[in-house]
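Heads up, the next two complexes both have chain A, just with different partners, chain B and then chain C.
What follows is the complex of A and B.
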C-alpha cells in the first residue's frame, strides 16, 4: 500500500507562496470533512462504545450499570460461546481449504489467454455478485428434502435409497453450506490468484521445462513461491470472512440441527438482539475482534513476507 | 497486466497449435465446470416460472412443464407489504448508498490527492482502518447511535451505515484515480477561471468518471445484498429490504414453506446484480483488483 508515499501535489506545492497554500489547506479539510464525519460517527464512536459497553450490564431499556470485567469473567464459563467459536473455527478451516484449492485450480485453468477464456472466467465469477442472502435462500431450497434438488436427484439417480434430509443431521448440513460457499466465492479467489499467476514471467516456466521439471515440480517450486503475496491476501480475506460467517447458517440452518451450527457472530447476535444483553454481547465482540486480529497477524507471519516495506 | 500477456503470448502460441486434442479437452472441461457454476442460478430462475401446482415439487426438470406462469411472483405480493414495496425499499437503500458514497468519496479522494493539510496521513489511515474492523463487532452501538439520532428502524439510518462501510475502499479508489490525473489539466482550468467545486464538478469529475462508476457499482451491490445489519436495524416489517423479507418467507407459516415464492424472490434479488455485473464488468474487475491486490 502506498499510503505513506507523498502524492505529486505535495511535492509541487512547496514552491507555492505561503498565503495561497494556507487557503488551500482549509478548503482541503472541507473536501475530506464528510468522509471523516462518517468514520467518526459510525465507526470510531461505536468502536469505543463497544469497549465501554462491554464493561457494563447494559439492558435495552433501563440504566446501564458499571460492572467492570464481570462480562469477561462470565464469558470464560460461557460454553455456548466457546462451542460457537469452535464450530466457526472448524467451518473456517473447511471453507478456507476448499476455497483456496478450488480458486487456485480455477485460476490455473483459465490463467492463459485463449479463445473464449474470458467467457469462462465471467461464468465462474457470476455467483460472487449475487448476495450471500440470495445464495443462502437458493441453497435452502435446493437442499430441502421435499421440494429441493439434491435429495430427489440423488434418489432418482439411484444413489440413495429414498430421500435423505440433508439438513437434519450435522455432517451433510455442514457440507451443504460449505459447498454453497465454495460455489459462491471460488470465482473471487480465482481472480485474486490469477493476477498473481499472470505476474510470473513466462521465462521461468520455460526454463524449468527445458531443465526437465514436470508440472508438479514447476507448480511447487516456481508457482507457489511466486504467488505467496496473493495467496496470503486470499487466505487472510478468506479466514476473516469465514470467522464472521452468519447469513448462510442463519438462513439455511437457523443454527440447527440441535444448535450445532451456531457461529460466533450468530451467538453474539442472539445475546445482543434476541436476549438483549447488549453489554455482554459487546464483550463477546471485543473477544472476537481480538481473535481475528491475532489470526491475521499469524497468517502474515506464516506467509513470511520478507520483502522490505515500500 | 495486458502488457505481460502480450509478452507471454508469442512464445506460448508457438507450441500450442500442436496440441489440438489438448485444446478440445480444455474446452470440454471448461464448459462442464461453467455449467456447474451456472446450474443453481439457471435452475432457480426457471423453477420460479412454474405454476402453483408444480411449485412445491422438486425441480426435475427445472423448467415449467405445465406452461409458463407468474403464479409464484403473484403469491409474493401476499408477503409483508408486497414484493414491489420491498423491492422499492432495497432499491432506495442501494441507490442512496451508491449516490452518497460516490459524492463523499469523490470529495475526499480529491482532497487527499491534491492538497496538503495537517494530519493528512493520519486521517487517510483512519478511513482505511474502517476496513480492518468488521462491522459485525460494532453493530450494538450502531443500533444505539441510530436510536439517539432518531434514525432507528429507518432506511436512511441503514444507508448511513452502508456508506461508512463502503468508504475505505471508495476513498482509496478515488484518491488513486485523482493521483493519475496530470496536474496540468487542473492548472489550465484554473487559468480559465474554474475553481473549487466547479473545477471538481466540470473538469475533474469526467476524468475520474470510471473510478466513480466502480465505487458506485460496489456500493449499490453491497447495499442491495447486505443482510445482517438490515436484519438487526429494521424492526418494522414495512421497512424490510428484500433479503430480510425473503428470510421471513423462507421461514414459512405454521411449518409449511412456499418454495415457489422463495424461488421468485431469489430471482428478483439476483437479476439486478447479474445484469449490473455483466453490463459494467470492466469497472467491477477494476475495482476488485484495485481494492484487493494493491
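What follows is the complex of A and C.
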C-alpha cells in the first residue's frame, strides 16, 4: 500500500504536469462516453426502473402505489412461478446438453479442411439467422396434426397407427420444442467450439497418436481440456439463453399441454401483460436476474483456471 | 371606417368562435376493425367540415399495452374503440370519461345494444358506448348436409340435433369431420361455448363479476356434450391444440359439417370462399332456446380529453342511419336496434340471424376478464382444454378446480 502511494506521488511530482494529465483523463472519458451512455440508457436505467417498479403495486393501466417489499413476499407463495422455474431448469438441462453435444459434434465434423466443408458450415449455421419467432411458427406448422408434416408422414410410413397430435401430451411436445431449439441454435455453438478446436496445435494430436492414443483418449485428454474456455463461453451463453426461453413455448405450445410448459419468462410475461401486474412482473424479473447471476458465477468457477498461478 | 372596423370585428369574432368549436380528435381502433373503421372515419370527416377525427389502427394484441404507455405519458388518444370486454377494467382503473349524460340524452338510447351497455357500465356510470358488434352463431355446411342425407336448409336446434347432424356428416369419411371448435382458445370458447350454457339457463359469473359460477350442472352438461363428440371421433385431432389459428379456417376448408362461429365469418366466407354454401343459425341450449355472445367494441373516451364536441358529433354520425349502414356493410353488425333492419337492407339474409342473435346476446362482466378468460393459461381455457379432451369422471373435479382458481383471481385482483 505504502509503495503504491509513494509511486503515485512520484509520478505526480516527476511525471506529467497535473493539468495535462487531467485533460488526458477528460479526453479518455470523452472517448468512452458513448459506450457509457449506451450502458446507462439501455441497461442501468431500465434495471433501476425495474427495481423501482418492483416495489410498487404497478398496474398496466391506472396509478402505481408504493407497497415496499410486498411483491417479494407474495413471490414466495407463488406456486406458478416456482413451477415455471422448475420447468425452465429442466428445459435448460435438456437444451444445454443437447446443444453442446450437437454443437461439438458438428464442430469436430467441420473443423478440418475437407471437400465441401464450406457448404457444411453454411448449412449448419443457416438456421441460426432465422428469428426465434419465425422458426417457432415454422415448427408449429410442421408439428400440426392436420396440416403439418411430422404426424401425416409418420402415419404414411407406418410408424404410428393413425395420426398422433404431437403437441397434445407433454413428452412429445417438450421434445419437439427442444429438438427445434437444437436444430436452430446448434450452428452457433458449432462456430464457438470450432474456433477453440482450430486453436489446438496439430502437434499435440500427432504426438499422442505416435504414443498410441486412440480417438477417444485424444478427445478426452487433449481436445476437451484445451477447449475449456470456448466450452465455458458456450455453456454460459447456452444456460442463460435457455433460462430466458419464451418465444418457442409461447408460439408453438401456448404453455400447453395443460400449462406444463410455462417458462419463467412466460410467467413474468403473463403476470405483466395478461394480468396487467407490471410491479409484480418486475419483482419476478429481479429474482430471475439474481438466479441467472448465481448460475453464471457458478459456471465461471466450474470452468475457471485451476492451474497454479505462474 | 367604423363600418370597416365592424366588418373586421365580425370576421374575427367568427374566426374565434370557429376556432373554439372546430376540434380534431385522435382515435385508436384495434386491427380487427380495419375494414370498417377507416371508412367510417372518412365518411364522418367528409360529412361535415367542423370536426375531424384522426384514426390510428393498432395491432389487436398490443392495444392495451400501447394505450397504457400512452396514458402514462400523457399522450393517450382522445377516443378509443375498445374490445368491449375490457371496458370494466379500463373504467375501474380510472382511465375513462363518464359518458352517462351524453348517453342518456340520446333519443335512441333505449335502442342501443344492451349487452354493450352492460359491460360499458361501471358502478352505475356509463363509460363505454356501443360501437361495433359481432354475435356468435352456429354455421353448417349445406353441401355436406345434403351429401349426408340431411335437410340442407335446416340447422340444429338442440344439442342432440347437433350431435346427430355431426355424426351423419362425419360418416361421409374422406377427411370430412362432423364438428369443429378451437380446443385451446379461451377467447374463442367464451364467444361460442358460453351461449350453450346461457341458453340452457346457466351463467359463468354473478354479482357483477365478483363471483364465479362455473360449477353448475349446465356447465358440466355442456362440457360432456363436447367431450362425447371428441370421443366419438367427430372432431379433428388438431382441435385439442388449436389456439385459435383455425377458429375460422377449419370450416372454410369445406370439410367440416358444423362449427360455432361468429357473424364475422359471414363476410369472410362470402368474400373469400364463394363456393362454400353454408347456413347460419342460433347457438342452441340443451333442449332448445338459444343465446349468443354479443362481442365487438365499445367507444370510450380518455379521461384527459376536453374535446367533447367532436366526440359527440362523431358518435351522432356513427349512430345515424348512414353510419350504421356503413358499419353493417363492412363487417360489423348495427348497434342501434331501431334502425338495424334498415341498415342491413340489401345484405345477405344470414346477417339478419346474426344481428338478431347479437341483439339478444349477452356479454360476461368482469374487471379481470383477460386473466380469467382470454389468457391461454387462465382457469377458463385450462378447464375447457382438460375437460373437453379428458374422461367423463374428470369433468366435475376439473370444473371445481377452475371455479376455485377463478374465485381466487377475482378476490385478489388489485
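Basically, the second predicted complex is superposed on the first by the 263 of 310 C-alpha atoms of A that agree within 3 Å, B and C clash if a C-alpha of one lies under 4 Å from a C-alpha of the other, contacts with A are read in each partner's own complex, and residues count from 1 in each chain.
What we mean here is this: contacts are C-beta pairs under 8 Å (C-beta built on N, C-alpha and C of every residue); 3 or more make two chains touch, one makes a residue touch a chain.
Keep in mind that what you see is a predicted model, and the values were worked out from it rather than measured.
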First (chain B), second (chain C), both or neither touched by A:153: first
Chain B versus chain C as contact partner of A:32, first or second or both or neither: first
Which superposed partner A:211 touches (first chain B, second chain C, both, neither): neither
Which superposed partner A:167 touches (first chain B, second chain C, both, neither): second
Which superposed partner A:63 touches (first chain B, second chain C, both, neither): second
Winner by number of chain A residues touched, once chain B and chain C are compared: B
Partner chain in contact with A:259 - chain B first, chain C second, else both or neither: second
Which of chain B and chain C A:144 touches, first, second, both or neither: both
Partner chain(s) touched by A:273 [first = chain B, second = chain C, both, neither]: both
Doubly contacted residues of chain A, that is, touched by chain B and again by chain C: 144, 146-147, 254, 273
Chain C - residues contacting chain A, complex: 64-65, 67-68, 71, 89-90, 92-95, 184, 236-238, 240-241, 243, 246, 368, 370-371, 374-378, 382, 385-386, 389, 414
Partner chain B, residues of chain A touching it in the complex: 1-4, 7-10, 12-13, 21, 24-32, 34-36, 38-39, 41-47, 49-50, 53, 106, 109-110, 112-114, 116-117, 119-120, 122-127, 129-134, 137-142, 144, 146-149, 152-153, 156, 183, 187-188, 191-192, 195, 198-199, 202, 206, 230, 233, 237, 240, 244, 246-247, 250-251, 254, 265, 268-269, 272-273, 278, 281-282, 285-286, 288-289, 292
Parts of chain B lying in touch with chain A, wherever the complex brings them together: 1, 4-5, 7-9, 11-12, 23, 26-27, 29-30, 33-34, 37-38, 40-41, 43-44, 55-60, 62, 103-105, 107-108, 110-118, 121, 123-128, 130, 133-134, 136-145, 160-161, 163-164, 167, 171, 179, 183, 196, 221, 224-228, 232, 243, 246-247, 250-251, 257, 259, 262-263, 265-266, 269-270, 273-274, 276-278, 281, 284-285, 288-289, 292-294
Residues of chain A defined as touching chain C within the complex: 57, 59-63, 144-147, 163, 165, 167-168, 253-259, 262, 270, 273-277
